[in-house]
Amino acid sequence: MTRAYYTFTPYNVGRWIIWTAFALVLLLAPQVFTSNLAVSMLSQMGIAIIACLAYNILLGQGGMLSFGHAVYSGLGSYFAIHTLLKVAQGELAVPVSLIPLVGGLAGLFFAFLFGYVTTRKAGTAFAMITLGVGELVFALSLMFSDFFGGEAGITADRVVGEPFFGITFGPTVQVYYLIAVYTFVCVAAMYAFTRTPLGRILNAVRDNPERVEFIGYNTQIVRYLAFMVSGFFAGIAGGLGAILFEIVTAEVVGPLRSGAYLLFTFLGGATFFFGPIIGGILMVLALVFLSELTKAWLLYLGLVFMFMVMYAPGGIASLIMMNLRVAAFGRLRELWVSYLALGITGVVALLGAGALIEMVYHLQLNAAIGPHVEYLGARLDSSRAESWVGAVFVMLTGVGLFELARRHFRAHWNEIQADIEKEIKRREMMA
Amino acid sequence: MEFVIVSLLNGVSYGLLLFMLSSGLTLIFSMMGVLNFAHASFYMLGAYVAYALSGIVGFWVALLLAPLLVGLAGALFEKTSLRKVHPFGHVPELLITFGLSYVVLELVQLVWGRSAVSFTPPAALQGPAFTLIHTAQDTMAFAWGQAPAEVCAQAACTPFPATRAFMMLVAVGMLVTLWLLITRTRVGLIIQAALTHPQMVEALGHNVPRVFMLVFGIGTGLAGLAGVIGGVTFVTEPAMAAALGAIVFAVVVIGGLGSLPGAFLASLLIGVIQTFAVSIDHSIGSLLTRIGVPLGEALASKDFLRLTLSQVAPVLPYLFLVLILIFRPKGLLGTRDH
Amino acid sequence: QSARQAARQQAAAAANAPLAGQTVKIAWIDPLSGLMAPVGSNQVRSFQFFAEKFSGPNPYNPAGVKWEVVPFDNKLSPAESLTALQSAIDQGIRYITQGNGSSVAGALIEAVARHNARNPGKEVIFLNHSAVDPDFTNSKCNYWHFRFDADTSMKMEALTTFMKDQPDIKKVYLLNQNYSHGHQVAKYAKELLARKRPDVEIVGEDLHPLAQVRDFAPYIAKIKASGADAVITGNWGSDLALLVKAAMEGGYTGKFYTYYAGVTGTPTALGTQAEGRVYQVSYNHYNMGGDMQKWQDEFKKRFNADFYTGSVIHIFRSLSEAMAKAKSTDPVQVAKVLEGLKFTSYNGEVEMRRTDHQLQQPLYLTRWQKADAKFPYRVENTEMTFALVREFPAYIASTPTSCNMQRPG
Amino acid sequence: MNATPSTEAPVLELRNVWKRFGKTEIIRGANLAVRGGERVAVIGPNGAGKSTLFNLISGRFAPSSGEIWLNGQRIDGKKPYQINRMGLSRSFQITNIFPKLSVFENLRCSVLWSLGYRYTFIRFLADLDDANERAEALLDRIGLHKKRDTLAMNLTYAEQRALEIGITIAGGASVILLDEPTAGMSKSETRRFIELIREVTEGKTLLTVEHDMGVVFGLADRIAVVVYGEVIAFDTPEAVRANPRVQEAYLGSVLAQQQAAEVAH
Amino acid sequence: MLQIDNLHAFYGKSHVLHGVHFHVGAGEIVALLGRNGSGRSTTAKAIMGLVDAEGDIRFKGERITGLKPFEVAHRGIGYVPESRDIFPKLTVHQNLQLGVKGSGKGARWSFDDMYAMFPRLRERRHTEAGVLSGGEQQMLTLCRTLMGDPDLIIIDEPTEGLAPKIVEQVADYLRALKAKGISVLLIEQKLTIALEISDRALVMGHGSIVFDGTPAELKANPYVRREWLEVG
């Protein structure tokens, strides 16, 4: 855990490796996943990553729980798309590749505007004001159709201006690479931010605002500045979204979007910088992919959240870090069997549960279409008792075995942790 | 004239419905510090459960059973899930209720389908509770229940639905009971203390977990009760949760976190203001023209000038929310500045 | 004997079914979650039901193709819809259909147009089943978009034609959802009433946010105060149900002229009190007799739900007709034939007008009342039905278009 | 930053300061003039108003009336951070640190402002050599370099108290207020701590609240006695110990005498 | 009264108490001494069931290891933590009310006894406890625990932050408790008092008891004093 705030040494090999790897992933992803959908999803992931990281500047680093951050990404989108239109009409000459920055500036501006009131308070008051502002902006966006284009939204064509080295941004791949570049730069920038005086003081404000006042800082200003930084990056994400979809509708400022930022940032892990990156990826997978796989996606989503919050409140990132810690003390090797066991039994349990849920949904939604449910390639007959009994059986065995595996794992895990604690104490002594 | 009276009644009764929801939320929020995002889901659950029960045991029994069941469900959730995350702090608590709201919504749709069900009030609550009669010679009269047709033939009759009257009744009852619970029992103290130092409270010999469970159960039970009544008065459909969820938060905050009277006041205010706002067709533009500011065609067509108060009425609560938090962060009757 | 007839027809159809054995996939991109989920899930069933019914050679499928409907849940979100469109295209689907939410429709029209322009040879056709914003067949009209519902202006045309000869209507109140659909309804109501009933006074106009209002009592109080004897509303879903409910309780005695009173959920909420007070204008109704009746009953038996999105049938039939004529399932060929296509459907002679791709078809005004021998169909298992009040031939409902269609090279 | 010990002009001065909460008067016309570079111990019964006095000086509360002067500027009613920037820093009676930051970060955060980095977000902390060096130096001074990267919340009580002091002195303020720095420490710890305080406040003006007479008489040049919100005496240890009013109000007890005696050997 | 054998306690993974043995007799005041971090508070928490502990803790002959804190409290053990956990948002009086277990009938102490003991508290009875002075808070925690009418009371550094006069007062009233037949486990820093009022003294070092004897014996044992208490 301590590592989370380790001092930043600019020329450190590990870090170089990580960042190059990140760049490579961004670079090669569309070579691996080539279909239009895949590319479009990758693009959305890039955007989601920026948005979630921006959000985490508030949640994770500033301890500010915002229910209305979509306002800033959303308004970013709107300004970006209006710029795009102006460019199309030849009233402005902004290269498409820079339009996301327009979004960013919009986000910054509104963060500057609303932030002044919202950041005056922290804690619940802050959360509630953002909720209010969020709902207001959303409602008004449906009323002021001049600017927001009502619920039909604003549409534009991103293929405007001179092709630049043959880049028209027509094909999604080109847009993807634009987004990839922005993602890389923004992630780097936001990481850097956490390493600056303001970034660190922000952590201090999160932990103990009162004390910060007594070491010379005005907590209000700290929150305000952080809010603006966050708004700026959120705006960039919004701008990219506008270019990707070529349409911006009220939903981009809506409470659902804000909620998604919160949920997935947390799911990814708000306590670590890279948590929201995972969160962003999950966000796209869940909202786009899951809902295409199954009608029960909302149920799955809800359940996953409840379990994650209960058993991994630090989000996925924290799980990773814990294992890294174990690895750092060279103990991970012992665990892989347990993990395998957990994995297999877990999958079995999920298979059963999934089959049940799918069949229930089938009965409720379209039994009449026919009794058959396509389930992971298999074909279940929801009208026959066998399939039900089968599913239940599979699930129960899965759950049972999983529980066993889990107990064994727990024990082992604790023992390892205990050893590690000892080790740490020892090193402290030696130090 | 009767327009004002009726609007007032409408406003108050709507406000009281809001209160039924916000009371439970306030209870949970003030005592456990949990922003229960699933509160409206329990409200919906109440409506559906009562709908299902009323088919079997009749409305009145359902009116009693449904809240109990919902309360139990709430308590169960607290025991099995919320309790686990309590140590992690408020954000996780909030998120788990967030997740729960999805799950509840889906389950409800699984059981009762995705479209509205016809949850009709019992005979006793059908038709008007009383009728305002505005006679031709401009005098006001008042009649219990349905006014005779011949009267209404040559006078304007404005019936006031029994469901709403009933709603008002229950809400007031609720206020009283809650008030007693909080002020007359030590439970309130225990929980507030446990908020900051749970271990210490336990060390003093109080079974904190059970009390928390109790409170959450009661809170959600109240939501359930509100659901039963909201369900018969309005429509029982999956969207009913989403539609009220956020507003209730606005109410609770405007009233002042943890302040029951505050929640009550805020609910009424919002109910009434919203109701009257609907009846005002003035927009900034029309006002400007009224006071003689000439508006060019171009200007007059700007929609922020055309937007009438009645159009924004439904979002007024959020406006108040923001204003209150800026100018009186304690809320109307709140005691603590969060 | 009639059975033998049918059999012979079948055989005949099979004989000259040029594309028998081919499968045509239609991507259905509409909400299965959120506000419109009820409507959406009803409509996806409708599509699947008729895909099944019409597949293979039969009188309703001269092309003899096999239909397959691939549903995508777009959560009523344009952005999501575009992603859905992407994956549909990736799966090689060339026909998409949608209808809920004019916003989504607008987005799809543009997206499809763009796609077709950017990817020649992979064209996609957008079959719009219920999005009723007139712009789609006027200012925003597009070659690849075909609308099978009747747009807001047509329905209002019919509605006002009816009102014209209702002397007891003197004061009208317009109450609509504050989004383009609502705006359009209000706009055309004012326009057409002014033309056909200058004497009718519009005593009030209100726009309320979409699906935000729980309590319509205030609006009813206002309407009563205005003395209106008729309310015109494009509301749907709970916004309509709650409105009417509040009206009944608030002792409002006027009539409601609606677009979507028949849509899932609302009839249940209307209940018996609303008897004779709620009108709906649509291109089909619940008591049309003939095949339609058979299908509706069958649909209800299977899904315990009502079939109301009649455009589904138009879509399958016109596609099949067009494919048969074009002897191909390639959208480019099909589109050529589809525009201007004429055929007889359950509501008589219909035509996909060449100039704007708006289906020209008769409209019906129906009234909410007790089901009886004449109008037996019991909506959502209430004892009520929507009884036919008046039929409007296509030419009456038809409205001019400002579209000048750009046809690809 | 360091204030050169001057003899005459008071560095910190309270002029007839009053503080009421509701109608209860907590501080009732307190007067105090502290010279630069001297070490003052503030003693008095529980609830006399010592911490409140500190809260008023450090800007946590604004006085109801009266004036507070720091280095010739009026500071009453100013915000804590403003006062801190003017060279006054205080510690808390109930430990008040940044629990989720490592010890090192706790200290580094506390030096930033005084080194003029303010709200910078265009430079890396790692590159701020002066800040890092100062933080490291502090680590050694308060003897926590072993716990450099431990999260503050995992320290023992004593360690946390040490960190508390570290944070307080980090900014290099010239006037330092310590509220019961040695509370809850064993004799030995306390001894070590007094030493620590001595050296880190070398050449600075120090005010400290203490109940342990050992500490008081061991540390202070002058002692201010607060009783019921008034400074009833402000003088050298000997004089104060002699003062009869102080005797009955506070010291008049075996324990105090013993403690005081203990410093002797 | 209280009998502890081979007690081990853990904070998460770190093992803090390594087999603690001692007992507290009825009506006896036992001082638990030791340096900072030696594990005294942990011992107290372990008895109250506030940290996960293994080993054998018996109270009035009944095994209470692993019981929930409120169950332990109801057995008749009162606990005054070192981090004066007063309830900041409640008034002084409400804080005292929360001390009362169940109906609170037949308790040895009444509110008035408390206010009599510390008049300062009576003055502030209706103010939020959070704003009390450090010392006042200390007094409040003591009284709050007494309201629960315990038979054994564990007090963790009660005199911390108290003015010398009050310290002596506390000492007196600990004796008063003893007089009422209440046993006291006193965790203290201030040797002077601790040794003065206690019947027995325990010294703790590195998570186990290193000395158990009378104050006199301890005074006479320079080794322990230097090694484990670091006082000459």
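Note that the chains are named A, B, C, D and E in the order they appear, and that numbering of residues resets to 1 at the start of each chain.
Throughout what follows, a contact is a pair of C-beta atoms (placed from the backbone, for glycine too) under 8 Å apart; a residue touches a chain by one contact, two chains touch by 3 or more.
Keep in mind the model is a prediction, meaning the values are calculated, not measured.
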| item | value |
| --- | --- |
| Shared interface partners, meaning chains that touch chain A and chain C | B |
| Nearest-to-centre chain - CA centroid comparison | A |
| Chain whose Cα centroid lies at the greatest distance from that of chain D | C |
| Farthest-lying chain, centroid of Cα atoms versus that of chain E | C |
| Chain A and chain E: spacing of chain centres that average the CA atoms, whole Å | 49 |
| Chain B-chain C separation of Cα centroids, rounded to whole Å | 36 |
| Centroid spacing, where centroids are CA-atom means, of chain B and chain D in whole angstrom | 51 |
| Whole-Å gap separating chain D and chain E, where each centre is the average of the chain's CA atoms | 29 |
| Where chain A touches two or more other chains, by residue | 139, 143, 145, 298 |
| Where chain C touches two or more other chains, by residue | 41, 178, 209, 212 |
| Residues of chain E that touch chain D when the two form their complex | 34-37, 82, 120, 124, 127, 131-136, 138-139, 157, 160-168, 189-193, 229-232 |
| Complex contacts: residues of chain A adjacent to chain B | 59, 65, 117, 120-121, 123-125, 127-129, 131-133, 135-136, 139-140, 143-146, 255, 259, 262-263, 266, 270, 296, 298-299, 301-306, 309-310, 313, 360-361, 364 |
| In the complex, chain B residues that touch chain A | 35, 81, 84-85, 88, 90-92, 94-96, 98-103, 105-107, 109-110, 113, 246, 249-250, 253, 257, 302-304, 307, 311-312, 314-315, 318-319, 321-322, 325-326, 329, 337-338 |
| Interface residues, chain B side, partner chain E - complex | 186, 189-190, 192-193, 195-197, 199-208, 336 |
| Contact footprint of chain B on chain E as seen in their complex | 48, 50, 68-70, 72-74, 79, 81, 85, 87-90, 94-95, 97-99, 101-102, 144-145, 148 |
